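Reading through the C-alpha cells given below for one structure.
The chains carry the letters A, B, C and D, assigned in the order they are written, with residues numbered from 1 in each.
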Amino acid sequence: MSKISRRDLLQYIGAGGIGAVGGVLYGESIERPVELLVPQVVPPEDFSPGIATWYNTVCNQCSAGCGISVRIREGKAKKIEGNPVHPVSQGRLCARGQSGLNALYNPDRIRAPLTNAGQRGTGSFHPIDWDEALTTIGSRISRLKIEDDASRVRLLTGRVRGHLDELFAQFMDLLGSQHYQQYDFTNPSALLAANRISFGTEQLPYYDIKNADLLLSFGADYLGTWISPVHHGLAYGHMRQGRAARRGKTVQVEPRMSLSGAAADEWIAARPGTEGLLALGLAHVLVSDGHYSGSDRAEWSNALQAHSPSVVSAATDVPEDKILQLAREFASSKASLAIAGGATTAGTNAVASAVAVNALNQLAGNLGQPGGIIFNADQAFSTSPDAKPVGMQGILDLVAAMESGEVDVLLLHDSNPVFSLPDGVGFREAIDKVPLVVALSSFRDETTELADFVLPTNIYLESWGDDVPDPGVGFPVASISQPVVAKLYDTLSAGDIILSLARQIGGELPIQMSWGSMEEFVRERWRAEFDKRESDAAEQDFEEFWQAAIAAGVWGQPGATAGDQLVPSAASTIAAISDPVSEFAGSESEYPFVLHPFLTATFLDGRGANLPWLQELPDPMTSVVYGSWVELNPATADELGIEEGDVLEVVSTAGSVRVPALIFPAIRPGVVAMPVGQGHEAYGRYATDRGVNPIHIVAAQMDAEAGDLAWAATRVKIRNTGERMQVVKIGGVSRTLGRQILGPADGHA
Amino acid sequence: MVSTFVEKLKAYSKPGYYDEFEYHWTMTIDLDRCTGCEACVVACQAENNLPIVGEKRYARNREIKWIRIERYWEGDYPDVKMGFIPILCQHCDDAPCETVCPVFATYHNRDGLNTQVYNRCIGTRSCAIYCPYEVRYFNWFTYTWDEPLEQQLNPDVSVREKGVMEKCTFCIQRIRIAKDNAKDDDKRRVRDGEVVPACVQSCPTEAMVFGDSNDPEAEVSKKMKNERGYKVLEELNTTPSVVYLKKAHA
Amino acid sequence: MFDHGQPSYADVNKDVLSTMLETGPRYWILLGTTMSIAVICFFMPWLYQLFVGIGAAGMNRNAVWGTYISNFIFWIGLSHSGTLLSAVLHITNSHWRKSIYRSAEAMTLFSLMTAALFIMVHVGRVWFVHWTFPIPNPMGLWPNFRSPLMFDVMAITTYLTASSIFIYMGSVPDFAAVRDASTGLRRRLYTIFSFGWRGTAREWHTLGWAYTFFAVFVIPLAVSVHSIVSWDFALSIVPGLHHTIFAPYFVCGAIYSGTAGIVTVMYCLRKFLGFEKYIGQVHLDNLGKLLIALSLIWSYINILELFSTWYGGTSFELEALKFRLTGFYAPLYWEMITFCAFVPLLIFFKKIRWSWNKMLVVSILINIGMLTERFIIVATSLPRKFLPDAFGFYLPSWVEISITIGSFAIFATLFLIFIKWVPAVSLYEVKETLKPLRRNT
Amino acid sequence: MSISVLDALRPAKKPVLLGLVAVLGLLVGVWVHGKYFSDRSPVQPIEFSHTVHATDNEIPCQHCHIYAATTPVAGVPSVSKCIGCHRSLPDTRETPEILKLNAYWENREPIPWIKVHDVADFVHFTHKRHIKADVECRECHGPVETMDRVTRVATMKMPWCVECHTEREVEHGRDCWTCHK
C-alpha cells in the first residue's frame, strides 16, 4: 500500500468525524422523551406509591348483594374481587361483578346534568349545571306540594335495598305521595307470592344448596342468573366435591339447557310450562308410595290425586319411570332440595308452579333442615319500610295513571322498563303524557332517553350506601358501600340528589331530612341500629364500630341463628295446589314454537350490555360474543333446512324480530330460545344496535297472583328470510372427536 | 473441555435448563366443580390488561383470552351433556414453544414458569404453531382503550404492542409481589396460598387451586394426587403444570 | 450440440455481450413494468401491513402462519437446482450444462433473496429481525440455537453466501471479457469485478480448482438447507406436519420446482435474448428427463406419507388427513396432485419433451402445483391441531395475495438487472465446448 | 496465486476505505454517546440545589425521598414537606426561589418537576430492593449532593443494568422476568 498523503488523511478524518457525529445524533434520537414528575401537595396518610390498597364495598351489578374488594393504585380502581369476609361472596365474584370497572370507567357515562333541548325522545340533550336543574325540578314539585297535589309525583326505581330505599320512601312520604314503586325484571315475584301462600311469609328463604345431597331445580339457573349466583357457586362446589365421599347430585328441569343444566347430572326437558305439574307428579308419588307419613297425609293425597305419574307423564312428556325414580331419590336422599325459577316461574302459572315446588319440599320435610330451605333470621335491620308495588302490575297502574294524566312529575332511578317490558305495556307512549320526567341515571338507556332532565348519578363504586342481602345467609348481616375512588365527573349519588331535592322543595322536608349528605344519613342510621343493639355504648364505641364496619365492608352476627325455625303447616299449600299449566299467547297451529327467552349470565336483563368485557365474554353455552341469536334443536333445523347463520324472522302475536339462527343440541324440539339483554336502542356505544331484544315480542301477559310479566308464555313462528349473518363465536368444533380432552375414558382414570 | 461440552449438552436437553425448580407453580382444575361461568375469563382480562378487540376482529378469530372455556357436547338430545374445560397456558416443563423461539423470547424460568418476554419477541409466531394447547395469542393490531377505560389498566403488567406474542403468565406479577414480601420477611419461602392468580381467586366454585407442587404440604400437591387427576394431551409428553380433575359421575 | 451450426469464438462474445452492451427499449419497458408491479403489489401492501399490524393479513388465532411462510418455502424451493444442479453437473462434467448454469445459479440467488424478503414480511416486528443473528451485544443476549428457525437463518445465510461466491467465481473470466470489450466507466467497474483477471494458465488452474471445490461444497449445503426448512414444520408436533419423511420430501420438491423453474427461465432467455444457438434441444431434453425422475420421486413420497399416516391411525393425524383430502381446501390438494404427479408424465412423450412451448406450459403448471403444495401444508394443518374447540380456518387476505404476486415481479426485476451486468451465458465455458478452431470465411 | 485483490481494488480503494472509516466513526459515536453524553439535566421549575440541602445542611437523601426504602418508588417530597421546613427558616424566606415555592403552596399546586431519571414502562424497577441490597444512591444517581442542578449520570438502559447485575452476581439478576413485566 502506498503511503497516505495529507489530503487523504484529512478526508479520512472528515469521514470519521461525520460518522461519529451521526452516531452521537442517533444515540440522542433514541433517548426517551422527558416526562414530568409531579408530587402531591399534601400526601394522604396511607399513601405509599407503587403499592396497591384494597377497599371494601358492595356490588350492584345484580341484586345478590355480594361484598367486593376493589384494588386501588394511585387513586385508580384496578380490579374488583370478592370480599373475603363477606358471607355472600366469600371472596369470590362473577363475571358481571368484576366488570363493574367497565361501568366506572365507561366512556359513555353521563358526565353532567342534561336537559333535553325541546322535544323529548329525540335524544338531543344539552348540559346544564346542578343548581339550575335542581331548582327547576324542585320548584315544580314544591308547587304541586303546595297545591296538595303531591300524589301527582311518582317515583319509579329499580330494585333498591338498604337505607337508600328508606330515603326514597321517606322523601315520597313527606312529599305526600304514596306512589314510590320499584321495577326489576329479575325480581322473583312468583317465589315471594308462593312463599306468602305456603309459608305465610313473603320472603326468600335461604336455599341451603351447600349441604344438599339432591338438588332438584325447576328452571332455576342458580349458577348463572338466579338470585345469588356467586353464593350458589360456592355452595355448588362444596356440595359436589367439598364433602368427603359425599357428592351431591343435581337434576335440572328446563326446556333449554342453562349453565345449571350443563352442570346437572340429569337434564330433563319437560314440556314448557308444565314443570310445576311435574313437581306435583313427584309429590303424588311421595305421598302415594308412603314416603310421606304426616298427619295430613290424607289431605295431601286428596289434593294430589289428579296428578298421578301417568297423567303427569302424558302432560309433561317425561317418562313415567323417570318420574318414579326421581321421586324415590328425592324422598330417600338425606338432604333433598327443590327450587323453582327461570321460565318455570315466568308462565301464567308462575305462582302455582312455585307452590307445587314448595309442596314438594314440604312433603320431603326439607323445611328448616340443613341442605333444605332455611328461613332467614329477622334481617339485620328492617330497611324496607312498607311493601311497595314491585313488578309489572305496578308499571301497568303507573301507565294507566300517566295515560289518564294523573302524573305531573315522574322521577326515574336505575330502572329501564322501556327495554325490559314488552311494547304491549305501552310505557313509552304513556310517558309522553307526563309534563316533567326526571331520570337519575349514570347511563343514557332507553328510559333515560325519554326524560326532560337527566341527573347523572355516581356509579356504586363512588357512592355511600348500605345493603342487606336478600335472601340472607342465616344470620343478621348488613353491608356498607363506600366510595372507593374519587368521583370522576360532576355527578351525585342518588341519595344526595334526593336530599338536595328535598332542600329545594322546602317545607318540612329539609327539617325532617336534615342530613347533609348520603354519607351522613347512612352513618346516622347505623348509629341508631348500633344504639338499639348496645344501648349503653359510648360515642367512641360507635366510632370504632363504624370504622371497623367500613374497613370490613360488612357487619354481621354469625352467632345469632334464625331463632326458632318456623315450620308452617302444609294446609295453606295444600289448599293452594291447582293445576299449574301455563297458557301461551298464540295458537299452537299458527305459532308452532314456544319462545324461551333466557337471561344470560353476562347481561342479565340487559343492564350488563354496555360493559365491553361482558360483550367480549363468550356466552357460556354457545361461545357467541356480541349480538344475539335464536337457538333451534338440530332435528328441527334439519326439518326446516335451517343452518347456523340463516337470518330467521321470529314472529309472535306481539311482534317480530330478525335474528340469525344457531343450532343448539340441548334444546327441546318445538322450542326456540333467545338470549335476553341485547338489542338496545340506546345505552352507549357498546350496547347500541347490537342484536335484538326478545322481550319486545313477548306477549304482555301476567301471572295474576304474582303480578309480574309471564315472559316465558309466548308462542312464535319462524320464517327463513334467506339472508345470512355470521354468528360471531370463538368455538370451533364442539365435539371431542374421540380425543380424551375431558379426561381419560372410564376405566383408564 | 469435553466435560463442559457434555454439561452444555445436558443443559440443552432440558428445555428449561433447570433440573429442579425453586418453586414449581402448579394449578389443578376440578372439572366436577367448574360450571363454565367464565368468571375466570373476566378476572384474567382485568388483571392482565387484555385488550378489548371488538366484534369485527372477533369475527376473524383475533380474540385474546389468556384463559378460555372450551365446550364439548356429548351425545344428542335428549341425552346430551355439555363438558366445560378451562384452557390456559399449561406451563409445560418440556414446552415445545420454548425450543422453537429463535430469540429466547419465551423460556422456562426457575419457578417452572413458561414465560414470555414481550420486549424480546420478534413475532415469528412459531411458538403458537408448536403449542398443542393453542394458548398463545398474537397481537395482530395495536389495541386501544376508549378513554377513560385505560385508567383501569394494571400498572404491574405492561401493555403489549402489535406484533408480539402473549399468553398466560400464572399472574407472575402476583408471584413477584409475594416473593418480594417473603424476601423482606427474612428471606423465607413463599407460603402456600400466598400467591393466587386472578382466575383462581375469582372462581366461585373454588374449582381451581394454585400452589407450589415442590411443597408436599401444599393443597395443590394433595389435589394432584386425586384419582380423578389427568393432564390434557398427556400423550404429547409436554409435561404440563396444569392438572385437571375429571368430572365425576352421579 | 448446436442446432444452428457452430458459432465462432467471436460470435460467442458478440452474441452474449451484445445482450449486455446493447439495450433496446423493449428491455426498459419490461424492467419498468416488473419494477412498478413489485412496488405496487409488494412494497406498498407491506408498508400498509407495517402500519396496521400483521392483522392486515388473513392469519388469525388458529392459523398464525399463512401464505407468507408457504411462499417463503416455495421460493427457497425454487432456489434449489440452480446452484445444486450446476454443481452436480459440473463434477459429473456433463457438457450440456455449460450454457445454462449461469442463469440457473442466478435464479438460485434471486429466489433466495425473495424468500428472505418473505421472512421480513412474515415476522411481527421486522425492525428487530437482526436479533436472530448472533451479534455480540452489551445486553448479553443471544439467539436460541435449539430453534429450527435459528437453523434456518444459519442455513439460508450460508447458502446465500456460498452460491453468490460460486456464481461470482464462475463469472470472473467473463467479467474480464466484458472489461476488454467495453470502455469508460464500465471498463473501470469490470476491472474491479474481474479482479484484474489476465487469463494466465495459472489463473485458469486456480479458478478450476476453486470452482470444483465450491461445487462439492455446495451440494450437501443445498440438501441441508431445504431439510432444515422442512424442520420448521417437521420438528413441531402438529398433526400432518410431524413426519420424518418431510426433509427428503421438501428437498425433492425443491429440486423439482427448481428444475421446472430453470426450464421457464431457459425459455425466456431464448425468446428475449436470442440464445437459440447456445440453449438447444439437448438442454430441454435433459431437463425434461430430470423432471420426470423428480416427479416420480415426489409422487412416491406423497403416497408414502398418505400411507404411513393412514396406517398410523391416530385420531389427530387421521383428522388432519381427512381435512386435507376432503375438506375445504381439497380442490387445491387435487389440483396439486394433478399438476405435480400426472401432468409431468406427459414429458415421457418426445413430442412434448422436444417442444419448448409445451415444456414451458408443463414447467409452469408444475410450479403452480408446488406453490399450492406449500400453501396446503400451512393452511390445512395449522388451524386444526389438537383441541377441536380451537379449530379455526385460514383464508388469505388481499394483502397476502398481492404480496405473493409482487414477489414474482421482484424476482423478475432482479433477473432483468442481472442479465445486464453479468453474461447470462458463460462465455468461456461455451467456448470450451466449441470444436477446435477453423478460420471461418 | 497472482490474482491480487488489492491491485484489483486500487481504483475503488479510496471511496471504499472512506466508507469503512465513516462506519467505524458511527459505531464510535454511538458508543461515545452512551458513555459520555448520557447526561440529562433539564432546567427545573424551581432552582432547587441538592448541594445546599445535602452537602451544606447534610440532610440525608431519605429524609425527603421517604418512600425509597419501603416502596418501588423513591418519591419526590410533597410540597407540604418542603414548606414544612422552609416555614421555620426565616432567613431563606425571601429568596426568589422560596417565593416560587410559597406560591405553589398557597395555590395548593404541585410543583411540575421534570423527570431526570426514567426507566421504560415495561421495566419493573423497585428502589426498595436496591436499597436493601446496600446499593448506594450515588451508584446510579451519581454525586447528587454536589449537584446544583440534578444531572443524569447513567443511561438507565438495559446494558447499564445488566452490567451491574453481572458484576454483583445478583441472584437471578439476568433472568428476563426479574426486571421486565
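One rule holds for everything that comes next: a contact is a pair of C-beta atoms (placed from the backbone, for glycine too) under 8 Å apart; a residue touches a chain by one contact, two chains touch by 3 or more.
Computed from a predicted structure; not experimentally measured.
Considering the contact criterion stated above, the chains in touch with subunit A and with subunit C alike are B, D. The geometric centre of subunit B is 42 Å away from that of subunit C, both derived from CA atoms. Centre-to-centre spacing of subunit B and subunit D amounts to 36 Å, using the average Cα coordinate of each chain.
With centres taken as mean Cα positions, subunit B sits 31 Å from subunit A. Between subunit A and subunit D the centroid-to-centroid distance comes to 53 Å (mean Cα coordinates, whole Å). Multi-chain contact residues of subunit A (touching two or more other chains) are listed as 50, 731, 734-736, 741. Residue positions 61, 63, 70-72, 120, 232-233 of subunit B are each in touch with at least two other chains.
Of all residues in subunit C, those that touch two or more other chains are 62, 386-390, 392. Chain contact topology: the protein chains form a complete graph, every chain touching every other one. Touching subunit A in their complex are the following residues of subunit B: 30-33, 35-39, 41-43, 45-47, 52-53, 55, 58-59, 61, 63, 65, 68-74, 76-78, 80-85, 146-149, 151-155, 198, 201-207, 227-228, 230, 232-233, 244-250.
Remark: subunit C residues 137-140, 188, 191-192, 194-197, 200, 202-203, 206 touch subunit D in the complex.
Those residues of subunit A whose C-beta lies close enough to touch subunit B in the complex are 50, 73-74, 76-82, 91-95, 98-99, 101-102, 104-107, 223-224, 229-230, 233-234, 236-238, 240-242, 247, 249, 257, 259-263, 265-267, 269, 488, 601, 612-618, 620-621, 623, 625-627, 633-635, 665-669, 685, 690, 726, 728, 730-731, 734-736, 740-744, 749. Subunit C meets subunit A in the complex at residues 62, 315-316, 319, 386-392. The touching residues of subunit B, when paired with subunit D in their complex, are 107, 109-110, 113, 115, 117-120, 156-158, 172-173, 176, 180, 184.
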